[in-house]
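We just call them A, B, C and D in the order they show up, numbering each chain from 1.
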Amino acid sequence: MNRRDFTSSRKLDHLRICLDEPIESGNTGFEDIRLVHEALPDIDMDSLSLNTRFLGHELGSPLFISAMTGGHPETKEVNAVLAEIAGEFGLGIGVGSQRAAIENPDLADTFSIVREKAPDTFIVGNLGIVQLKDHGIDWAERAVEMIDADALAIHLNFLQESIQPEGDHDASGCFTALRELCRELKVPVIVKETGCGISYETGLRCYGAGAACMDIGGYGGSSWALIESHRSGSVAGKENLQLKGLGERFGIWGIPTAVSLFEIEKCNGPVIASGGIRSGIDLAKALVLGADLAGMALPLLKPACEGPKALREVISTIHQELRICMFLTGKSRISELPEARWYVTGNTRDMIEK
Amino acid sequence: MNRRDFTSSRKLDHLRICLDEPIESGNTGFEDIRLVHEALPDIDMDSLSLNTRFLGHELGSPLFISAMTGGHPETKEVNAVLAEIAGEFGLGIGVGSQRAAIENPDLADTFSIVREKAPDTFIVGNLGIVQLKDHGIDWAERAVEMIDADALAIHLNFLQESIQPEGDHDASGCFTALRELCRELKVPVIVKETGCGISYETGLRCYGAGAACMDIGGYGGSSWALIESHRSGSVAGKENLQLKGLGERFGIWGIPTAVSLFEIEKCNGPVIASGGIRSGIDLAKALVLGADLAGMALPLLKPACEGPKALREVISTIHQELRICMFLTGKSRISELPEARWYVTGNTRDMIEK
Amino acid sequence: MNRRDFTSSRKLDHLRICLDEPIESGNTGFEDIRLVHEALPDIDMDSLSLNTRFLGHELGSPLFISAMTGGHPETKEVNAVLAEIAGEFGLGIGVGSQRAAIENPDLADTFSIVREKAPDTFIVGNLGIVQLKDHGIDWAERAVEMIDADALAIHLNFLQESIQPEGDHDASGCFTALRELCRELKVPVIVKETGCGISYETGLRCYGAGAACMDIGGYGGSSWALIESHRSGSVAGKENLQLKGLGERFGIWGIPTAVSLFEIEKCNGPVIASGGIRSGIDLAKALVLGADLAGMALPLLKPACEGPKALREVISTIHQELRICMFLTGKSRISELPEARWYVTGNTRDMIEK
Amino acid sequence: MNRRDFTSSRKLDHLRICLDEPIESGNTGFEDIRLVHEALPDIDMDSLSLNTRFLGHELGSPLFISAMTGGHPETKEVNAVLAEIAGEFGLGIGVGSQRAAIENPDLADTFSIVREKAPDTFIVGNLGIVQLKDHGIDWAERAVEMIDADALAIHLNFLQESIQPEGDHDASGCFTALRELCRELKVPVIVKETGCGISYETGLRCYGAGAACMDIGGYGGSSWALIESHRSGSVAGKENLQLKGLGERFGIWGIPTAVSLFEIEKCNGPVIASGGIRSGIDLAKALVLGADLAGMALPLLKPACEGPKALREVISTIHQELRICMFLTGKSRISELPEARWYVTGNTRDMIEK
């Protein structure tokens, strides 16, 4: 199996593990946040609007389908379903890392199916920051072109890389590459974590470099430390045992999503909250805390594998929950949610106090 | 089954579920509150008085029997028992929503039995705010007349409505209707939640509109989200499955009673604390925190179904507990209770700190 | 059984329940307090002294044997053992309520045995405040004379009284009686709670009335609500069922010992910490927080029933623990303990913060 | 068995208990501390350096092998393995108390093997403060010479001593002895606790006396109270039963490592964090909080008994974890770690707040 096939098949391993194993870790902090009920909302729930604008695009709701897949022939169908439903609801959607398809153009259709199925939707391309550093703006442009992307997410996943012996351990130069990309690329650049959250300081730095948006990818949802730990389990050998242990121990690493959101919100830039968003109630809390969109990955994976009907139902329910939260906080528009009041208790309170 | 019968039979479903299923959710916050013991009270417990005044009426105690039933022939007996005992003890009592009997006057006696059995008692009528908006002051007046009510509670139950597909989802115009009612109605208007609590802001708004009193109906006791979730379980079909899920997930929604009370108390108007009051100790805590009365629903339902003797005993015990709390905080009159000192810990402390 | 026999036999019931049933409730707050370790104490543990002065008396240690028994022939032996060991160690000791022996002088020897066995010890008489009010200084003087008491504890137990239908429910006039007693009695008066603690305000009031000392009797140790609840269980009948329930529900009532101590300490008078002191470590914490003595009842009861050898061992161990705590906080004298530093966390922290 | 043999064989008891019994107690506080993730570190993990300087020595990493053994023939092999690996990685290493070998020079090789196997390593001698007081600088110099030590740790273990009837209970004069030692000894003196932590005040005092470093030995890891409690269990007799009980009850005594570190850090002197450090993540947290080195004992004992291969693997993993933490906080040098940001929650937060 050469490098290209490896990247591609690893993608499949990850999907399987995410579908079958307990790969969620810790708490997002949203469980410590409680929205203040508005007993007398004075609005009509059925006529409130989930529509929102994001980076100049109109979206059907602030629910964002986070980057998950593509890059292996068997993932094409999953992306097709995700895109079909994204199109139906007018949701923003991210594709998984496009590296495999840039390395091997035969796989491009596993990504471009998204644009095909959702011609008018806000689609976000995806590339790892190390690939960006190694291959420069050229790969970034190819990623954008491949799916006619409206924005490009550069994902940061250094926890995942660092626990793997063969991972990309060199982050030096990445920030410079990011700054150049922001300057050159025609579409907005989203800086995206994948389970460890983004701190205030890093947020400031990235916005300063020209990033259009932070996608928090905070702690409390899918954990790449746990995913890699499970993956290592399937192969024997000492190196894998060490990876298994590291994965388990670093399963507690990261900034809880609510805490990261609280910090990034102070940077005053566009922000997607993600990592452990598990219901429309979580989504509402994220918006109240200042997120523009809230992304979900894992909870959409299983229904997407089942087909459009299952996914449609899941998303309808999430929308309904969001609608109820808006109604019960008396907000008829997404843009009003940040005015809702909230309580914060426990550890999350401790973490967000100055 | 036409609309009118439906409203009526749904009432019966609710009663049955409340009697049989675990429909209480979360904590009121009173468990985080501890009254400061007065080791040397210098008063006589047996001569202290539970009497109190509320909205110009003399009451035998600050225990209020919260709105529960009426509207189906089989509920008449329950209301009769509640009223008999309310009369005996001089307690204020609310009837359940009178909508069914306004829609179908044949049912009026299931409510008017309350006045019959308790001619001199402070009786509170009950109507949903959506019915008020839809039918105006006319229905409100009919509700008052039906039982010769001393006050009318307008209940807010938008969580319950919002999770039901066929619920009343339109709250717009409700506040205006409330303001008009307060201006026109001959008896005082009580704004009443039903399990989610009332925030400071909403309290201010309602008092400003002329409401005579807030009945908190806070989180931590009977949960309509759970009640509806259970009800949906008894019928098959997809819509019901969604309701079941929504009910479960929104079982955590609401402002805990103690927190809501703490907020409403700052509005400086009359207030009934309710939602999860489960003993005379809870009742005392509510009064110490500033409530004028404290309402109980669920804990009185079962004894009321058993008959006057059972209910009398339950209420005697609650009164005895309240008396002990007064004695052990050195307060010989209900009006002195707010001077008692208290400790607050944990999440409730976090929620009431500025 | 006439009144006098009843008082006496009830004493025996209480003893039996305390020996056999789980009658301890809640937390004292000492579990939230941690003494700062002194790694380099620079003192000699074996030559440090547990001696202390209290109300003008020299005591062998700050461990006080709290009031427990007397008043029934079968309790004489227990008091004999307690007194013998108190004498041996030079401990202060309180006798149980002397009411029974004042009502029935035949029982006086069950108390006077204490003075007999411990001629030189600091002995504290005991009378309920209601008896004081009802019978005035006369009974108080008889109590003192009966055992040649060095001080008289007036116990406050209104929780216990209040939950019993036949209890003394009238506390009015008690404070006046206390003030008069303090003015007239030849020996110092100790105001003593029995499981619910004393607040800052009550402490101020009692010191102001001339009380020489507060004996905290705080929440978190033996609970008279639970004791009475158990006692009610042994007799059938409705009244008893109600007592059982009240006892259980009021098992949570009271000011935790550490919190009460923290408050009373601010009154700047002599103070005995008691209620839930369960080891020499608790004792040390109490002294660090400002207590002059720390009293224990329940943990000494069982060994006292076994005999002097068992009690001697228990007290030796407590002393050894206290000695270790002094050593490990670098304090060679009891009077230096309040200078030790401590951490406070959790609910107790919340309760003692202003 | 004479005194010298006793000291020596007791060493062996301790080792066996540490290998077989649960002798860890409580929490270090590190579980309440969370490092802020740096999503975009901009450094190369594989080229970051674990090297650090400590007391003028170059070390391969800030992991310190805490004092454990020597003094019985059977422990020589364990020390040989520890030293071999310390040499390989360039780690600082402490030997166990050298008292037995000073009392009986035949045992000297169980310590000197460390210098033999690790000729260039930073080796720390070890002597109890009571031995220092009793035998003066002479024993200290013999301890240093025995292993050509680069520094001498004077250990404080008064909890362990105090709970044992035959323990050294006299700490008076110890501080003076320490001050003299610091003035006279040619190598730097480290003041070292063994499980109870060092307070700010004691730290200030020791630095003031000329100590070069504090080795915290805080609460939350190996507990000598529990070790002695277990040891007492193996022998019958009353004295042992008392020791067993005291050991259990004092198993909760001490300043949690993170809290002690927080205090000592304010003294601004060199500091080794130890006591309950259980992974490279704990190690990183300790460095972030201001430690220069972090010591581990118990987790290295079992692998050291298995042999160099097992120990090498354990230490490699710890180093890898530390490297990952540095990478994920964006610090490429050990000296930069204190600049990393951290959250603190719960009890530890309460304990470090002013």
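The criterion applied here is as follows: a residue touches a chain if its C-beta (ideal position, glycine included) is under 8 Å from a C-beta of that chain, and two chains touch if they have at least 3 such contacts.
Chain identities (UniProt): A, B, C, D = Isopentenyl-diphosphate delta-isomerase.
Note that the structure is a prediction, hence the values are computed from the model and not measured.
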Those chains which touch subunit D and also touch subunit A: none
For subunit C and subunit D, chains touching each: none
Angle, in degrees to the nearest 5, of the Cα rotation that carries subunit B onto subunit C: 90
Residue-number overlap at the subunit A/subunit B interface, same or different (half cut): different
Farthest chain relative to subunit A (centres taken as mean CA coordinates): C
Length of the line joining the C-alpha centres of subunit A and subunit B, rounded to whole Å: 44
Rounded Å distance, subunit B centre to subunit D centre (Cα mean): 62
Shared-contact residues (touching 2 or more other chains) in subunit C: 346
Pairs of chains found to touch, sorted by chain label: A-B, A-D, B-C, C-D
Residues of subunit A defined as touching subunit B within the complex: 34-47, 279, 281, 317, 320-321, 323-324, 327-328, 341, 343-346, 349
Residues of subunit A that touch subunit D when the two form their complex: 129, 156, 158-159, 162-163, 169-175, 178, 191, 193, 196-199, 201-202, 205-206, 219, 242, 245-246, 249-250, 252-255, 259, 346-347, 350-351
